[in-house]
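Have a look at the structure below, then the notes.
Read from first to last, the chains carry the letters A, B, C and D; within each, the first residue is number 1.
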Amino acid sequence: MKSIISYITEILKGVWTLLTGMKVTAKYFFTPWKHVTQQYPENRLTLKIADRFRGEVIMPHNENNEHKCTGCGICEINCPNGSIEIITKTLMTDEGKKKRAIDQHIYHLGMCTFCNLCVKACPTGAIVMGQKFEHAVWDRSKLTKVLNQPGSKIMEGVKD
Amino acid sequence: MAFNIYDFTTLTKSIHEGLSSQLSPTATLAIEWTIVGLAYLLFVALFGLFLVYAERKVCAAFQQRMGPMRVGPWGLLQTIADFIKLLMKELITPRDADKFLYNLAPFIVIIVSFLVISVIPFAPGLSTFDFDIGIFFVTAVSSVGVIGILLAGWSSNNKYSLIGAMRSGAQIVSYELSVGLSLITMIILAETMQISGIVEGQREMWFIFKGHIPAVIAFLVFIIAGTAETNRGPFDLAEAESELTAGFHTEYSGIKFAFFFLAEYINLFIVAAMATTVFLGGWMPLHFGDFEGFNQIMDLIPGLFWFFFKVLGVIFLMMWFKWTFPRLRVDQILNLEWKYLLPINLFNILLMAAVVLFGLHF
Amino acid sequence: MDELKEVMITTDEIRTDEYLINMGPQHPSTHGVLRLLVQLEGEIVHNVQPHIGYIHSGIEKMTESLSYPQIGHLTDRMDYLSAHQNNEAVALCVENALQIEVPDRVKYIRTIMSELSRLASHQLWWCVMGMDMGALTTFFYGLRDREDILDIFEETCGARLTVNYSIPGGLMFDIHPNFQRDVKAFITKFRTKLPEYDRLLSGNVIFTERTKGVGFLSKEDAIAYGVTGPTARASGFACDLRKHRPYSAYDKVNFNEVLSDVGDTYARYQVRMQEMWESMNIIEQLIDNIPEGDYAVKMKGVVKLPEGEFYQRVETARGEFGVFIVSDGKKNPYRVKFRSPGFSNLFTINHIAKGWKIADLVAIMSTFDLVIPDIDR
Amino acid sequence: MTNEELIAEISKIATEAESKQGFQYVETFVPFAGMHSFMTRIKEDSKLAFDYLICVTGVDHADHMQMVYHLESTLHKHMMVVKVKTADRENPALDSVTDIWPTAEFHEREAYDLLGIHFNNHPDLRRMFLDDNWGYPLRKDFKDDIHIVSR
């Protein structure tokens, strides 16, 4: 007799645990407006990207097309996977001195691991992390970018 | 030709009379067969597509998602797009597969499903066969489907498929027993095995209410065993994606896979339709004893709606199971059948016999 | 325990031929590109041989040509679910070698971040555990709650998974002004969600039947095989480094080491569930008390370690993670070895899963919480 | 047990081993001939009881290979490091400690795979990550012009 009672209570307990589980899912089934899905391309305008989000390396330019990069190459040294190449040129200053300046700051987005070490190491704060994250392109060569805009100059008073 | 949404007998009769007045009896029969066959094909295809869509939306709602939203408004055309994709996919046959059996298996599975649908009464006048051993026919034919699954697993020449098929074999053969016994419980109450007779017997009160305790137990057993029969929900051992990748249909692609897929959903419909017919009064509206006004309002709703309303309710219950519970292990699934469902069922038959014998039902 | 072992089915009477099955490299339950060569008799597992190396990325070789701050960001990519703890291990090892004492603020923030990533990792483990057992709904509930932690990471660290937040000498950034508010909101919310996990899965009779008494690992075997983390603590091996060898701010908090002496799949499951509660306790103790101060020590441009050998152990979500640096005084390490918890844990699978069914093998595998890049490195 | 006591205890059971206080832990150098018996003794000695092998690392020094074993006692909670040098660099061989700590089997396989150190009496010494015809990539003289690009 005892075994029959335990047999029945075992079944009832088991069924009870199943019903508790079903209650949890039912709660969500009957509140379908609480869904967590985000419909990505449609919600683009309302999408919140954190300010610190590391999407790509960019070099901000001011309205006079000036940047802060001196071409020192510290970011190139700090990059763990060789995504940055610095090509410098020599300029003559007004006093007739030779001065090193950036010619091309080449950035291979395809190789970048977004570790932030270049931005952290930059002595003049010339490069920062941008929040753009939609980088898909059809041609891999488009992932190699030149960060300094054509014809740009270094800002007044930035020294390395 | 008067069209009565409450009773399709006039419609079918007028078609029959119209045809036989023009043609010879053989030709009439041939045309009628074609019409019925096409009607079933169309129904299965559309209802299958609908069920796939419904399953996706239901499971999405359980999981706090939105489900398909891209193809068509609210993703309504998603399953159609998927079906077109399946039609266009390459049919792959493994090199060392048993070609004949490999190609035969999906057809066995789908033909069996069609056979069982033929006895289900959708509404007054809307059923094809009405044997005096209808229930017996359902249990007999539906157990043939397992042969298709076994063949699929064996002939694919894939170890995962074979394990899946063997699990499925053990499972379906065991659960046949519970399905059969729970139906027998209700036959004691209905006193007939003819499906139209069973539905007719529920005009005043559905059997699940009429038979109270034993009927409710039989209903629960039937739903559990039926879920196991369809290889769904917590009993999807034969597919068990996290263990056997896709089980018995691992090697199938394109339309052959679609057959298995469709058969699964038709079987879902069959189990729900049988539960509806035997326990929930088929197309009969809900009646409560002496509440005349209430009963008359219920009568206004056509039988076809009642039938599908109840079927979808049962299907929802089975989907709810599937999206809540983890999967059982193969020995546990057999334990559940032989140690729990079968003894309960046998006891329940005695209980039902006593209830009927002493007239304790309502 | 002996009674439970009798449940194991022995088929001495009925014998069929053994056959081999390749589970993986592409298989839903190996959680990555891991291949298990399983020797089966019917459904019963006779032998499991893990084959690894499909995503071996040679991180140990790569580190030999990188500077110390650069090593850290590679460890994100090993055990990507414990990315912050891995970063912390490298940072602590270098700081230890250079005898740098970081400010208390750094220690507190590192501890909070470690616990947050442990929570996120355990949440994902719970999702996948449910999915391996066939309950697909768990996956979405777990991911839903994990999203909050990842948002906190994104706000403060700038990345969701490969955070690279702890660097030698401190942190990459100071915490975001909203950090404390968000973490507290998350803890409040998750305290109501975690019981739901229990109602949905832990209590479920099907789940307990499938996990209780399945896949035993004894304490002696756990130690002998070098199993660590929640997997070992479920067998009674007290190996929580946060408790026994505290680093960062773990000596300032009060928490329990979750232990169980059963050692079956269900115990491993429960230990992880309880650890989530403990992690929340730790975070709550620290979050309001983050001291003011600098978020990093000023380091030299080129970090050079003194000649010698340095070893640092931390507790990640999967177990003991070790960094062993052999330095010859140059700016690049001479040799770096990462002792990954998954590596040692994985190879007990043959020992544990022998004699159980395939379905149990899947359940046992998922309680190991394997991350394949962590094993392959 | 403090590190000084540990050094004294180790020298008591093994005279051939020379121990010193390293940067963090007690470091013991053992000649390769007696390493297996030394390892057995430190595991079985009740005062030392080093039953947990944390980490096994192979290091390629220019003229020899070195295996570094990080050990902990789960009972006494003390740690030590055992270092063993191989005689030969090109074809290094050592005794396997798999029979003492089963976990060593896989760490040794890894060392064999990446450094080419052969372990005597190892039950299953196969390559772990790489193909049989690869070199030993963690050796300092390993060259692979196709896969390794250095700046």
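By definition in this document, a residue touches a chain if its C-beta (ideal position, glycine included) is under 8 Å from a C-beta of that chain, and two chains touch if they have at least 3 such contacts.
Not measured: the values here are computed from a predicted model.
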Third chains touching both chain B and chain A: C
Taking each chain's C-alpha mean as its centre, the one farthest from chain A: B
Chain centre separation in whole Å, for chain D relative to chain B (CA means): 64
Distance between the centres, which are taken as Cα means, of chain D and chain C, whole angstrom: 25
Between chain C and chain B, distance of the C-alpha-averaged centres to the nearest whole Å: 45
Intercentroid distance (Cα basis), chain D paired with chain A, Å: 41
Multi-chain contact sites of chain C, meaning residues that touch two or more partners: 137, 140, 144, 200-201, 204, 206
Per-residue overlap in chain B, given as positions that touch at least 2 other chains: 62-65, 323-325
Residues within chain A bordering two or more other chains: 18, 21, 24-25, 36
Chains grouped in pairs wherever the two touch, ordered by label: A-B, A-C, B-C, C-D
Sites on chain C touched by chain A in the complex: 66-67, 69-70, 73-74, 77, 137, 140, 144, 147, 151, 154-159, 162, 164, 167, 172-173, 176, 196, 199-201, 203-206, 208, 301
Residue ranges of chain A in contact with chain C within the complex: 13-15, 17-18, 20-21, 23-25, 36, 50, 52-54, 74, 78, 80, 113-117, 120-121, 129
Residue ranges of chain B touching chain A (in the complex, touch as defined): 58, 60-66, 69, 320-321, 323-325, 340
Chain D-facing residues of chain C, complex: 52-53, 56, 58, 60-61, 65, 96-97, 221, 223-226, 237-239, 244, 308-311, 313, 320, 322, 324, 326, 334-335, 337, 339, 343-344, 347, 376
Sites on chain D touched by chain C in the complex: 22-25, 27, 51-55, 57, 59-60, 68, 70, 74, 77, 81, 101-103, 105-107, 110, 114, 128-130, 137-138, 148, 150
